[in-house]
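Shared between the two complexes below is subunit A, which has subunit B as its partner in the first and subunit C in the second.
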Partner chain A sequence: MKKNKAFIIGFIAPCALSLLVMYLYPVVRTVIMSFFGIESVTAEVSDWSFNGIDNYIKIFSSPTFQRAMTNMLLIWLVGGIIVLVLALLFAVILTSGIRFKKFFRAAIYMPNIISAVALATMWIQYIYNQDYGLLNQILGIFGLEGKNWLGTDMKFWAMLGAFIFGAVGYYMLIFISGIERIPEDLYEAATIDGANKVQQFGSITLPLLRSIFKTNITFWSVNCITFYLWSKMFAPVSTEASTIVPVVYLYDTVFGTTGNVQRDAGAGAAVGVTLAIFVAIVYFIMNKLLKDDDLEF
Partner chain B sequence: MSKKEKVVYKEKINWKKEAALLPGYVLVLLWIAFTAVVLIWIVGASFSTSTEIFSGSVFKFESGFHWENYVTAWTSSNVSVFFGNSLLYSLVTCVVVILIAAPAAYVLSRYTFLGNKPIKTSLILAMSIPEVMIIMPIYALTAQYHIRGRILLIVLYICIRVPFTTTYLLNFFASLSRSYEEAAAIDGCSPSKTFWQIMLPLVQPAIITVTIFNFLSVWNEFFMALIFATSTDMTPVGVGLLQIVNGMKYTGEWGALFAAVIIVFLPTFLLYIFLSEKIIAGVTGGGVKG
Partner chain C sequence: MKKKVISVLLATAMVTGLVAGCGSKGNDSQGNADGEYSGVELTYWSMWSNTEPQGKVLQEAVDAWEEETGGSVTIEWKNRDIKNILASALEAEENIDLFEDDYNRIANNYKDYVADLTEMAESAGYADQSYAVLNDQATEWAGFLPCVTEQPQVGGVFYNQDIFDEVGVEAPTTWAEFLDVCQKIKDAGYAPMALDSTYAPFFFGYHLSRYIGEDTTSQLATEGGWASNEGVIKAADSMIDFVKKGYLVDGAPDEYPASQNKMALGDTKAAMVVCANYVTAEVNNMVAEGEDPLNWGVFNYPAVDGAAEGVDQTASYVGANSIAVTKYSENQEAAFDLATFITSGEYDQKMADEASQIPADPSNTAPAAQNGTVEVLSGTSSPLTWNMGLNANSDLISQIQEVVVRLYEGDITSGADFVAALDALY
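Coming up: the complex of A and B.
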């Protein structure tokens, strides 16, 4: 038994150590930091000054942070509706007995496995380009005038469009796995009873996909809260109000921007804690909802 | 098992059925055609000069194929450095993560001991903690102890992949029969030898799947690299590409930019062509029952 103990400790120690160093310590320290006035991230603990919830008051009254939160909510709501509708549509099409299903599925999922930086570069440098871009050429075919997609007024929607294109495949895969778990005989019975495809979708597929919807909404919410890369790619040098999101705001307040050298690690920590609380709320709500109606079939 | 066995026979194309599916075909094909056009154009542009790109004559190749775009990207735009770094980070992470996570997953799934449950819960919690919650203290820590260079990012990537890898392997170890260990114990095999020689090879398929995901995730990682890669010689491809795009306004070598995009995109794309079935099965297997 003694020998077993040493064996277990030896096997679990590296994993436990990485949890402590990489997660437990940083999370605790970030939470503490959010209640202190700290200028530089690297400041000694002795230079910290306790200021209660001032950091939180500061970020929530900052117009930049409010704008970042608004953008995040817009991405969550508008992007979420479009992504989930498209993903469900493709999932239904691909499970309807279509040929080359495996190829189509792989092709639609493909943007998820390539570097998002490469993907964003393709959109910015080619699709949205004003001179030779794909979108303006397509508009040209229909005799419409090209737009400056990356101008201030369109930039947010251009970013959202590119982000949606890359995201659809993932949610589609989850919908497909949900649809494929629905027993075939339900549809057969419905067909015998004279229900058409649309009726079957409305009264069999959709209700039985409830838990899959919740899974997808959870993943989408967490994805939006930590949204960063696309915002950085669409405003690479200096942060712009049109594309700012909370994580970009955090980065700028902690590490400073090109034009603004003022840093505030305490406020940055407060942003981090706020986002983590959002993630926790999402998980909590979804867990509560899921428990209520766990469908078994 | 619940799926009915289907009789395999050459099905004649049922035109009526196909016609009913036509709108579906059109939608899916439009979406994929869009993707294909973009990819093909990027490949075309990577062989063209900046003038050709701007005049919209990418596919005429009037001045021939400009392979030198790739040479420019690889050498003077530092892509070779970024590429080498990403390869190093991905490969080392993939190997070390398994060495840390597999033994942990094994004892967590097989032995009851104090702290078993809390560790399992922490692993799942760790996966859902946003990275912004951990970067600041780690930044302070690494600055305080002057930890920098490639080793820093390697350690960070390993730690970040441990929770997912351990949780993923846990379920596979739990599904193995106990009779392997009993037989090994009777033969006088020590627990750790039993693990390395008998149990670990048994979960090989799961290790392969999780390694593919670890590789993709480290290769495509951006946020940590942006914060911790402070010099060119430790920058991976994602952040490197961002630097190239930002520098493009001054160098004006658009062909080289698109060549760099292709170089960054190619490794994971090739991996996907050969392993798409495995990757897709992994996503749905691990995603739905989270």
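Coming up: the complex of A and C.
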């Protein structure tokens, strides 16, 4: 038994130590940093000055952080509804026995295997471009005047549209896996009882997809909270208010921006902690709202 | 037995791989064994990649320096992300002898980690190999000379000389003359001005700096109270007037670089753009194959009537990417020698020609695409920073820029509305 204990410790120690050093230490350090005035993210502790909750007051009273949070919430809410509805719709269609199912499934999922950088470039250069972009060409066919899709009033929605295009396939696959594990005989019994497809969807598919919804909404929420790359791609030279999100705000706060060298690692840490709390809240709410399946099938 | 042999072979391959992986990077080489810096090893963090023109010339210059002095240099190509990793690396005193970055960041953010080059510069006669305006500005920020200029930049109104010649206009010096030039260019069937939204704050920052100066702009950006300054309203009104007259190319302000590309592409070509000098190389890259690059010229941003008292009407944007030597480097003299070797004489000229940039050494000549830039640089005694004070508020920077872009989009229709939109941010 003694030997066994040594073995267990020997095997667990590297993993536990790695976890402590690589994960717990940065987390604890970031939380502590968020209460201090620190210029550089790697400044020595002796250079830190205690700020209390000033960093949190600073970021929450910042109009730019508020704008970033608003943008993030809009992505989460509007984007979330569109992405999950489309993903569910495609999943239901693709599992209904249509022809070329594999082709459509691959086609809808394909944006996920293309680099987001390439995807964003495609949208900016070939779809939203004012002069030769697809959207304005289509408007031109109908005799309508083209629009500046990347102007300050439309840029956020242009970015969201492009992001949604790339995201639907991923959530669709998760829905498909959920639908495919529902036993076929449930539908057969319902059909014999006279239920039509819509009734079957409302009474069988949706209730049995509850845990899948929970997974998808949690994934989507985490995805939105850590939203970064698309914002950077739609404002590559300097951060723009229309596309700013909290992680970009954090990045600019910690490293400075084009044309401004001021840095505030303490405030950046406060943004990081705030976002982490958001993830925890989402996880908690999802667990409370959508309890794990009590149905067995 | 067979298994054992295979195991030994695999283990040998793995260990060989590991040992190879632990080796040094492939850029270092040994030069003249009797040279001045024989035995000295330097580590150079570069902001370029080894595939772009600047990186290729840098490698050539370093090879030549190694050959001449016997020193050995390891270049680490960090690319533009260097700005995100430098602070941590310097604080940890990583093995870096010299590095490249924006001179503003070197002089403000890294001044505690870089060597004071003042004495070395004096004994090497560096003043004759560089532009005083950049050295003075860096010294003013850091309190000592913190870096050696590698790539000077100037801002101004860059124009297509051929269009100017065809229309029969000359570079204007005042805003009234500038509007006259714009009208003549428009009448001749060209678009006077290209503008990408990214550079809208640069254009308006220049304009505003002519009315109230950069210091006042910085103060307003930091503290608010825009409506209380008559100069801001005047500047915005005159710019709104400029936009209303249709002097911007179709679609402007556009997404970078769509609008500036219209100087080289499209049916209605744009004649001018307000930007820094690298715009000329960017636009030349868009010229169709078989066509000549644009015939570039540049003039300083025009002077305005009704400016606040004492505002310098000749100030221009000046910036630089520079080379700094770390404070903890054990070979500061060798590092400084390498830095000046790269930024003067033969290799500086080569860098200017290959990368189409302003030479750092005033005795070298600017390539054709940089026509006039040296004159603007030499004529500047009070440099303006990027966006001329509009960037001073690190928290509101993106929101202020958005208000400026809306002004060019035609969404803001009066100077009073403009200042109200800015004040609403505070």
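Everything that follows uses one rule, which is that the second predicted complex is superposed on the first by the 270 of 297 C-alpha atoms of A that agree within 3 Å, B and C clash if a C-alpha of one lies under 4 Å from a C-alpha of the other, contacts with A are read in each partner's own complex, and residues count from 1 in each chain.
Convention: contacts are C-beta pairs under 8 Å (C-beta built on N, C-alpha and C of every residue); 3 or more make two chains touch, one makes a residue touch a chain.
None of these values were measured; they are calculated from a predicted model.
With subunit A as the common reference, subunit B cannot sit beside subunit C without a clash. Contacts of A:V273 after superposition on the shared chain: subunit B is touched, whereas subunit C is not. Contacts of A:T257 after superposition: subunit C is touched, whereas subunit B is not reached.
Touch criterion met: A:V237 reaches subunit B and subunit C at once. In the superposed model, A:A16 lies in contact with subunit B only, and not with subunit C.
After overlaying the two complexes on the shared chain, residue contacts for A:V41 are found with subunit B and with subunit C alike. When the two structures are aligned on the shared chain, A:D131 is found in touch with subunit B and with subunit C. Of the two partner chains, subunit B is the only one that A:I8 touches; subunit C does not reach it. More residues of subunit A lie in touch with B than with the remaining chain of the pair subunit B and subunit C.
Contacts of A:G97 after superposition on the shared chain: subunit B is touched, whereas subunit C is not. When the two complexes are overlaid on their common chain A, residue A:L144 makes contact with neither subunit B nor subunit C. When the two complexes are superposed via chain A, 77-85 is the only one of 5-13, 23-31, 77-85 or 293-301 in subunit C with C-alpha atoms clashing against subunit B.
Subunit A residues in contact with subunit B (one complex) as well as with subunit C (other complex) are 41-43, 124, 131, 236-237, 255.
Looking at the complex, you find that subunit A touches subunit C at residues 40-44, 62-64, 67, 124, 128-131, 148, 150-153, 236-242, 244, 252-253, 255-264.
Subunit C contributes residues 83-84, 87-88, 91-92, 104-105, 108-109, 197-198, 250-251, 253-256, 258, 266, 385-387, 391-392, 394-399, 401-402, 405-406, 409, 411, 425 to its touches with subunit A in the complex.
Subunit B meets subunit A in the complex at residues 2, 4, 17-18, 21, 24-25, 27-28, 31-32, 35, 37-39, 41-42, 45, 53-56, 58, 99-101, 103-104, 106-108, 111, 113, 115, 119, 122-123, 125-126, 128-140, 143-144, 156, 158-160, 162-163, 166, 190-192, 195, 216, 219-220, 222-223, 226-227, 237-239, 241-242, 245-246, 254, 257-258, 261, 264-265, 268-269, 271-272, 276-277, 279-280, 283-284, 287-288, 290.
Residues of subunit A touching subunit B in their complex: 3-5, 7-8, 10-12, 14-16, 18-19, 21-27, 29-30, 33, 41-43, 89-90, 93-94, 96-99, 102, 104-111, 113-118, 121-122, 124-127, 131-132, 134, 137, 170, 173-174, 176-178, 183-184, 212, 215, 219, 222, 225-226, 228-229, 232-233, 236-237, 247, 250-251, 254-255, 265, 268-269, 271-273, 275-276, 279, 283.
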